[in-house]
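Structure provided below as structure tokens; questions to follow.
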Amino acid sequence: METAEPQKLPQLAADDLDCHSPPWSLAERFSGCRARSLELCSNLETEDYGIQPMPDASPPKWHLAHTTWFFETFLLKPFARDHQAFHPQFEHLFNSYYNGVGHPFPRARRGSLSRPSLAQVLCYRTAVEEGVVQLLAECGEDLHREIAQLVVLGIHHEQQHQELLLTDIKYNFGHNPLYPILVSSPDPKTAPARPLAPMHFAEYAPGLCEVGADLNPDRHFIYDNESPRHQVFIPAFEIANRLVTNGEFLAFIEDGGYTRPDLWLSEGWSTLDRQHPLYWHKDTENGWLEFHLDGLGPLQKDAPVVHVTAFEAMAYAAWAGCRLPTEHEWEVVARAKAQEGNFADQGMWRPLPAQEGNPQFFGDVWEWTSSSYGPYPGYRPLAGVLGEYNGKFMSSQLVLRGGSCATPQDHIRSTYRNFFYPGDGWQFSGLRLARDCT
Amino acid sequence: METAEPQKLPQLAADDLDCHSPPWSLAERFSGCRARSLELCSNLETEDYGIQPMPDASPPKWHLAHTTWFFETFLLKPFARDHQAFHPQFEHLFNSYYNGVGHPFPRARRGSLSRPSLAQVLCYRTAVEEGVVQLLAECGEDLHREIAQLVVLGIHHEQQHQELLLTDIKYNFGHNPLYPILVSSPDPKTAPARPLAPMHFAEYAPGLCEVGADLNPDRHFIYDNESPRHQVFIPAFEIANRLVTNGEFLAFIEDGGYTRPDLWLSEGWSTLDRQHPLYWHKDTENGWLEFHLDGLGPLQKDAPVVHVTAFEAMAYAAWAGCRLPTEHEWEVVARAKAQEGNFADQGMWRPLPAQEGNPQFFGDVWEWTSSSYGPYPGYRPLAGVLGEYNGKFMSSQLVLRGGSCATPQDHIRSTYRNFFYPGDGWQFSGLRLARDCT
Amino acid sequence: METAEPQKLPQLAADDLDCHSPPWSLAERFSGCRARSLELCSNLETEDYGIQPMPDASPPKWHLAHTTWFFETFLLKPFARDHQAFHPQFEHLFNSYYNGVGHPFPRARRGSLSRPSLAQVLCYRTAVEEGVVQLLAECGEDLHREIAQLVVLGIHHEQQHQELLLTDIKYNFGHNPLYPILVSSPDPKTAPARPLAPMHFAEYAPGLCEVGADLNPDRHFIYDNESPRHQVFIPAFEIANRLVTNGEFLAFIEDGGYTRPDLWLSEGWSTLDRQHPLYWHKDTENGWLEFHLDGLGPLQKDAPVVHVTAFEAMAYAAWAGCRLPTEHEWEVVARAKAQEGNFADQGMWRPLPAQEGNPQFFGDVWEWTSSSYGPYPGYRPLAGVLGEYNGKFMSSQLVLRGGSCATPQDHIRSTYRNFFYPGDGWQFSGLRLARDCT
Amino acid sequence: METAEPQKLPQLAADDLDCHSPPWSLAERFSGCRARSLELCSNLETEDYGIQPMPDASPPKWHLAHTTWFFETFLLKPFARDHQAFHPQFEHLFNSYYNGVGHPFPRARRGSLSRPSLAQVLCYRTAVEEGVVQLLAECGEDLHREIAQLVVLGIHHEQQHQELLLTDIKYNFGHNPLYPILVSSPDPKTAPARPLAPMHFAEYAPGLCEVGADLNPDRHFIYDNESPRHQVFIPAFEIANRLVTNGEFLAFIEDGGYTRPDLWLSEGWSTLDRQHPLYWHKDTENGWLEFHLDGLGPLQKDAPVVHVTAFEAMAYAAWAGCRLPTEHEWEVVARAKAQEGNFADQGMWRPLPAQEGNPQFFGDVWEWTSSSYGPYPGYRPLAGVLGEYNGKFMSSQLVLRGGSCATPQDHIRSTYRNFFYPGDGWQFSGLRLARDCT
């Protein structure tokens, strides 16, 4: 036991999460967000925009068009005077999954659309952006609040797709035998030495506390799945001060972790098709290599392990005599930490070793929790078609927390709930250990 | 609102769940349980014992052999002096999923084993039963406690397979165009008139309370997944006084429930392959029919709907402006009810309409909850191979509660957690409505 | 070159293939054939009758019912006065693939029908047999010829299913880890020593000749796919005097035959999922074993290799610097040989080593040819629903010739065309080498 | 019967098929062929080069790279002095199916390679072209013959891929809801009126004749699968004077042709997933439309039906009381016709109505035959790795003859054997009727 005294669970202050107006206008935020999406793609070749190497990894061109479709469909169509659809087929082609907006084009075939070309999609982006800016400028008092809230939602939606852009590009590049490079590696000379912080556990006393947040779009933005704020009882637990590293995960591999069914959930064991995290490669000459968006290089033992499935994360935790935290445990601890870390904004797009004092709750890797993704007590989806945004995915998935090195920093918060199937590993997912108090 | 005042959540008394020794000996319980398995099959033809019409529906012969394998593997092999394996291949053939006992025969191919014959399996049963009875009679003080606990576990294991026998026979018969009959229908003249109780909701105040149970094999039997007893906070909620009926579900169908994606989880909508519960048939002449183990007959509108998936249950609940209860809500309400109902012991093997005063928490149908099947805080699987019994299935499944008309009455309790994938519908599953307090 | 002078191609005499009336009556032939089907099953357990371990391997009970359905559908329904269907559902359940007789029950699900029971199917057989015998006895002059031809067709149809019974039972038993035994092994003491005949090739001169046979049901029985007799030009070729043996095939394996893509057709290479013939097993203690209907035993090197796919047969032939014969080459050589050999009538149901003087053209194993199964020039299917018997399968399959140790001797003839997909190996299929003249 | 007297089968003159040296040099032919590949793609967007909308439809970029790989692998590597591989991974990435050149990159994933970019592939083309031209210029007497033959083979290989380019682009564009256009439609005003020639049949007397051609690379180019020239006996038959048209095929549809299993081979019936040829669309407003590389337009009833599977072709023929010709029947008739027609060179890339006097044996559409694709008697694949070119595909496919509107005119000849699976319809395939003489 590392801590002499269990800590009390951090409680929420009344005004946490309130959105203090940023110093720039909504139109500026909108334009900045839209520009950032293109900036992330600035090193792509035209060919890279169209590829869908697996059903889940949509083409960049599709992301750029779909985020535009979102603004056209939910803002321009209902609110812009005399709005003409940019193209009669785009409503169908770039609808992701909103059954309330007609029949979406099949997800697995997004990569089979060589048209519209990238140039056409960029025109589409420009046209819709002009429409949104004009709408924001011209709409009357009566509509401004509603429209502003939809613009904010669209910005957050686009930020999610900014992360997916990096995630899906990595899948594409990481499965091409040429291992293309999206971004240059940081100069190791200028990088600070980052001695790895030793792992220890903080103990928390049991208690009732509030988690989640209430929808209150005039004060802050949250997704509906984070609401409502509600009480939970959390038993005593311990949680690690940093993420699990590549070196630690390698010890699990070398101890036969992938060959011991007792460490694995049945579903994970029966679907196991590799013996290491997704982008690791064992090279007979060079040992273990790992692919990042700056290329294929030696495995960095002190960096957090990333691109593991929940099954791998849970098997590792079982091997280490621990477990994954619940999403509530994670949240109550994380909300007392500064929301700082290694985000997409840094532009490195790979997780970094934890220095002393950096708890890594935010950024670096999404942290698998043991909590299934379900509705909070009292949950109500948004009204109308936007109710399909989050709620209809509440089965068979697990919650991940904290954002990653591919997440925009101002997109994340302690109540944020990401979700994936436990067998998914292509997103930037890693793990932190927790355990029961003995 | 039907109740003037919200009720307080029923709390657990200290000695709830303790097992008051039944008046018969363990050997008698063991023999009775084993005999009951054969009794359930007494109307089968030899051919019916070998069929596996889908991967999940194992052949009756396999159930009879596997439950025997369980006693041989976990009792006779480690404890019986000079035990000779009944057959060198049976350890492999009848291992269900215990990787710690070697490589199980593939589940989906159980129906391709015409040998051993039924007669050989019955010999196997007899031989192992004799071994267990002898072991119980002869084992010394020092081992008796451990052996007795394993016999009790084996009895509960066999009871689970008794329900699966009925469930899988129903799938077999219900998919044969001849619609064979396992059991004669109750004489309608002798059946009491059962006017359907109107549905109303009881309201419960929020509160902290304990759920689950502690492992304490000297006092009572529970599965490891029900442990440990732990505190949860439950917000205010309302819960219905009875199950949803066929007639109510039919109104959902007739209102287009199966054609409205907004009512469905995405995973349920995309896998939808029928427009009614599993064993319903629409006949152009006779209207809606339903298959039960007493044959194909008219749909009984007052009887509880059964054989719905969790996706169907949730879509129905959404249509009704409600939701499913959580497993904790269910448990705290159910434990204040008498554990009575329509169980397998009655021999009708079909759910019955709720009469006034019968809340149907126990028996009739398993009730889907909205709770994913996961470990309770502080959960520890059993030591050794038996740790594979429950824990390794804790992903992607939902908890069902309360037992069904195919469950042995003394097998169920308020803390009992059954679990299936949300798309499963071949077990005896139905639903009860709950809702948030407004 | 073994033969000093190429032989001339054997030509057909005008009255070859004519059917000299056997000394027993048609009713006797019918009854004998029906009894033989049951006799083949006499060592089965009831459980063995219902199993379908893969979609192609139908349950014995189904074969017994389907052959009965054939007589009921094509004889009793159209011709028997006041015929009552034995069971209203049997027309659907036991229709194999005749779309002209309604919608057949799905092939892959035949093994999921535990009812009708075996006893009911045996009653069905008896009832239909009585009907057919009565029909033969009572039908007038005018119909007798037509009815007799249908009875003969039904007998040949049932003989095909007799072979399938043995083939499918072998698949069932050969995939059960218990390796059940259908028939006792011949006593090795009484078996004649059978020194293997050395392989040599006979050379045939090129020439025009007639192959096939004309439909002429008053003189002989043939299937429509053997007709019409027609001229073909056959270039010079050589053909082996006996089948390829296990020992010879083992040399191919040991020479890396399964690891050299240059020996294989692309389709065979890409679907390769084993490294030896279907029922071979390599045992670390005992070396190579082979399963036959008399059990699992040591590989007999002199016996013909059996249960190879056409891809395996062609890879072997390529390795040996040879090829498979065409069906025409086979036919013109075989028709000059006595139609003797090791057939199902012998009751050993395994191929035997070739003794000197036994060319093995008939019996032992079906011989893969390089000829795709297509219509002969001028081919016309039978009129009506029976036109579906053969013609609709004329795509993507290859012709096999000569019958096997599971074929009734009086079922085969030199013009007989069996057909399977090149990847099929569960039937009794082997190979004979041929080659071009150099 | 249209012809008073059956015609004699056209026999081959001794020097048919000899290759009279074209007036341009081999280097010129090579360069022209290479330039033509790029010319076909000149209207593509960069995005169009990378798409693989189904496993069989490879990306244009892949075709451009693979044809280059062919020259690098089979010419530059063995013969060019000091040849440096253009890129160490290209041998793997652009190997189509030559197991003798290592492990090919998986076919179905060709569309997941966004790199190398199109620009890199074009550099690859240029570099290899320079190498080949230099090799041709510099190689000594001793090697020139061998090298020239490989260059000729590479040209014919590239021509095959030129047709595949058009075929695969059509699949891509024809499955995109935007229906992109590759080529402008011919101006209808300048198009000659093309009254459809009425269909009649020419009768041929039975006879022995030679088909195929001998490999003789000093005189002409053929593929190994066309050799050797050999005798066949062809019974009397009749064959139509032109292709089946859209209008005729529409009559089949309207007569219920897609709903009558008796017209279909079993394999075709069970895999049927549309009720019209591949690129037909039924529009409620405009009736039947057809997609061609000049866009979506009204169905032209007089144009030949195209993009039918062999199953559709055979069902149509059965409905019309006819059959498909064999490849030998086709060849002996076609070789007496002028090798003229509507080829890729015309640049229309759609089949045209038959004018009087145009028998359409060459160009317009590939004609399905009833002949399975197998080795001719005495067939020997090319030595070495190039033996994988044709021979290993000789299973389960059918032969098509005559070339199409997407085939380069100087690529085709009367002995040319194309081959596809009977269920394939994305290539430019149609049919001509034949029938037995009555």
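Chains here go by letter, A, B, C and D, matching the order in which they are written, and residues are numbered from 1 within each.
The definition used in the following text is that a contact is a pair of C-beta atoms (placed from the backbone, for glycine too) under 8 Å apart; a residue touches a chain by one contact, two chains touch by 3 or more.
Source: prediction; values computed, not measured.
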With residue numbers as the basis of comparison, which of the pairs A-B, A-D or C-D duplicates the interface of B-C in over half of its contact pairs? A-D
Same or different interface residues for subunit A and subunit B, judged by whether over half of the residue numbers are used by both? same
With chain centres defined as C-alpha means, what is the inter-centre distance between subunit A and subunit D in Å? 48
Could you please state the distance in Å, as a whole number, between where the Cα atoms of subunit C are centred and where those of subunit D are centred? 38
Between subunit A and subunit C, the Cα-mean centres are separated in Å by 61
Residues of subunit D touching 2+ other chains? none
Interface with subunit C, subunit B side, in the complex: residues 45-53, 61, 89, 92-93, 105, 109, 111-118, 172-173, 175-178, 180
Residues of subunit C touching subunit D in their complex? 97, 99-100, 206, 208, 230-233, 235, 237, 261-262, 264-269, 310-311, 323, 370-372, 374-375, 377-378, 387-388, 392-396, 421-422, 436
